[in-house]
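Below, chain A partners chain B and then partners chain C, in two separate complexes.
Entry: the complex of A and B
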């Protein structure tokens, strides 16, 4: 498969602050590539550079075969961009927003019918905006606005779509249906999608994930591989459930200093899950905690991510 | 290309039309400014409250006082009883001028000796005090002249022997020297400098604040298309403002208009294009709406007021003022407006000003377009 996006040693500094630190990354055509990282990890800065809105301090970026520095206008005709801040014109109606986009991108007028068939890529069934053509964008529920923003970003049928935290603040149901649309675009229309998020659930939907931390891309792989690599590095996960989880956690950090508290669960990463299960159970029982249930758990994305951050911090410490 | 500009124009227009409050403000504010300044900013000194302290109480002193109150410049508010009262009324501002006639006024005159009249004026407002001094001197001279001619005619001589030269003044273009004929056309220039610039100063920076600017940044639209698309609807709005202000000046304020409306409108269109361009440039370089508004206020309203020749002729300013005046479009339009309104001058007088405004507009838009960077950070 060809790489539709290629970032080579991209760095962006804001004075002394390094927002993006030597990131190299390639994305294949038709992939859904997720950028996962805490706020301030550099996801938005990286996406803005890929969109040609921000110049890299070092390195270069190619999108759809065009250099984002020297061929920005070509890049802009080949990408769609939807930002974390809902950025449509709130005082315009749904249809007026779409028409504005059609004008800006030179999409011929009669084919502007993203609410029906055609217009927007054939693979996309109506984005659920029919019947809302004359409503002002500001009166739409957030999930609908997000779809409208997506419709606008897709109007010129870009082969690459950048979504910068597209679902922040949207309820889970709307988020789910938003992702259905993203999948349809990727699988049926071959659109390459770069999406940044800090929702772990969303991260799991991506074909490949780039983990960002303090400006660095600390890993980029399919979610399953990320998990297995983490497992090889830090072991499996055992989870302890008990009603007296606070006291149990205080106690268990003695023999298991790597233990972490997740809500009312205690997570321990270990290479010897079976023996450590027994060890922890006996330890807690001796301390008077008798209702502890210990089980081996599949590694969650969150656990994996935190493990990667920890490993990265150890290297850079 | 045309499609993109058209799309932006249509969006700006929709936004303008959608919000009735905003739309109302766009047209009402300049008219309100004209009303407030037009009625408030009069430089005519008339109906000055005057108080007399007549210690003579003779027919001659009464005649002298009448020569003041018979003019429209002075309004008699009464007779003072003593100096203490004079002090009080000037202090309180009820009276601006006091004329004190001494008790030997008529006696000395009848004896053929000179009499002295004291004249007290509230000098806290120097410009007005200066004008009042002029009025008093003129009225006094007239009274003198009347007395002398009366005396001479009794002796069988004519006044011409004593006053061989007399001055007959006549003001061209503004015969009654009404300040409104001067102020109102000037206000038209000031308002069209400040308000269109202010409206335009918000259009780009507003999108920066709301984040909608990314729609433009990420699209293939070119900077000049954005600037043109945003300027055109606002030039339209400002031109309507111009028409309304013009009608107000001739219908409500009854300013003499003797020139060509077409020529004035052509100048206004170029001038508005300049001021909208200034506003857009400020909008492009600003980060917040508040900053854009302040910069516009300081950069348009104040220089236009002080340096365009609105209040005082440019030639009477120092060299700095004269240089500043060359950099504001109001200077070029001010000359045109006054000339067309009052003197009815034609195109040939203003070809140079029109050309200057055209060049000015070209420069302002070039700078605005070059400053519009489709980049963040």
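Entry: the complex of A and C
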């Protein structure tokens, strides 16, 4: 597969602050690539540089074969960008926003459209905006505003789409259907999608994931590999479920000091999951806790990420 | 800023006595048919028909997206927002009738990273400010301060101004300031939003620790569905209403699905 995005040793400084620190990254055509990290990790800065909206202090970036510094205009015709704040005109209607963006992108109206042919209309229906053409953007629910912003970013049918925290604050239902659209774009239209998020659950939907921490890209791989690497480094996760979890926790921290309460469950990271399951079960039974159930749990993305951060901090300490 | 009226209140007023055993225990937080309307002519309904109980030593999560009404409920219980109808008691105090009385006994952390902090004060000065505000006896203060600083790993930053802390560190300092007077009841509004994963893990460790040690009662809000599993009891909120509540395990078993799927399914069914 060809790399449609190539970042080579990209750094961005704001005075003394290093927002993005020596990031090298390549994204294949048609991939859904997620950038995961907390606020301030450098996700937005990196995305803005890939879009040619911000110049790198060091390094270079190529998008769809064009250099974002020297061939910015070419880059712009190949990308769609949806910012965190869904840059819509709140006092324009849905249709007026679409027409405005068509004009800005130089798309003849009516002409090409997101998700199929048929002019701007064709973009409205698959995105669930039918019947809302005359409503003001500010009156739309957040989920709908998000779809309108997506429709605007797709008007010129860009092969690469950048989404900066597109689902922040959106409810799970709207978030779910938003991801359906993203998959359709990627799988059926071959659009490459770079999406940033701080929702760990959402990160699992991506084909590949870049973990960002303090401006650095500390890992980039498919979610499954990230998890198995973390298991190799810090052990598997076993979870204990019992009605008497408070007492069980007080007791189990004796033989398993690394045990953590997770709601009403007890989590233990271990390199010997099978033998430790038995050990914990016997230990609790001897203490009079007979209803304990112990199971091996898949590692959550959050647990995985934390493990990568710890490992990275050790290297950089 | 309303919390400052708490100056001069007793440190830990008595909580209603508990009956023996968990069964029939007096709920620490009791909410019945609570409603809040905004605007003239009571046009905008923020929350409606909200009912739930939080027992002592329980971590109760109000889970839902932005705008679901979670903050309104927390603010009413913290005595900083008046209710439009219904009943709400915290440790036996009727917060609908007497919102001032509750401020002295709860630890309330408002939404937004470290909103209760003073940016120009250092970490140490912020903590000391809350000691004075809450009039905490020296021995309790010193011990609690030490323990909280250790758990949050903020000791190395005592001299740093609050404005120069990262988001996660700010939120942990805010938590220290909320916990420094050893409240028995905690009301935390979106304590983990926008916080880095390690700070978030620290946060949950502290909450579970104080609940385990002192049977503190915690009501918190979050928009992260995956955090629901870190609570003992959850209420899923959508458009001002509770659409389902129970323990995370009981809900997962009832619907044979993860909690996010439960939410999606209930919303589809409802509308």
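Everything that follows uses one rule, which is that the second predicted complex is superposed on the first by the 259 of 317 C-alpha atoms of A that agree within 3 Å, B and C clash if a C-alpha of one lies under 4 Å from a C-alpha of the other, contacts with A are read in each partner's own complex, and residues count from 1 in each chain.
Please note the rule applied: contacts are C-beta pairs under 8 Å (C-beta built on N, C-alpha and C of every residue); 3 or more make two chains touch, one makes a residue touch a chain.
Remember, predicted model here, so these are calculated numbers, not experimental data.
Student: Would you sort A:96 into first (chain B), second (chain C), both or neither based on which partner it touches?
Tutor: First partner only.
Student: Would you sort A:306 into first (chain B), second (chain C), both or neither based on which partner it touches?
Tutor: In the superposed model, A:306 contacts chain C only, not chain B.
Student: Touching A:53 in the superposition: chain B (first), chain C (second), both, neither?
Tutor: In the superposition, A:53 touches chain B alone.
Student: Tell me the contact category for A:264 with respect to chain B and chain C: first, second, both or neither.
Tutor: second
Student: A:176 in the overlay: touching chain B, chain C, both, or neither? Say first, second, both or neither.
Tutor: second
Student: Overlap of the chain B and chain C footprints on chain A, residue-wise?
Tutor: none
Student: In their complex, what parts of chain B are in touch with chain A?
Tutor: Interface residues on the chain B side: 3-4, 6-8, 10-11, 14-15, 18-19, 210-221, 374-377.
Student: Please output the residues of chain A touching chain C within their complex, sorted ascending.
Tutor: Within the complex, chain A contacts chain C at residues 37-41, 142, 169-173, 176, 198-201, 213, 241, 246, 249-250, 260-265, 300, 302, 305-306, 309-310.
Student: For chain A, which residues count as touching chain B in their complex?
Tutor: For chain A paired with chain B, touching residues are 14, 48, 51-55, 72-73, 76-77, 79-81, 83, 85-92, 96, 99-106, 152.
Student: Within their complex, state which residues of chain C touch chain A.
Tutor: Per the stated touch rule, the residues are 57, 59, 64-68, 166-168, 194-201, 204-205, 208, 212, 223-226, 229-232, 238, 247-249, 260, 263-264, 267-268.
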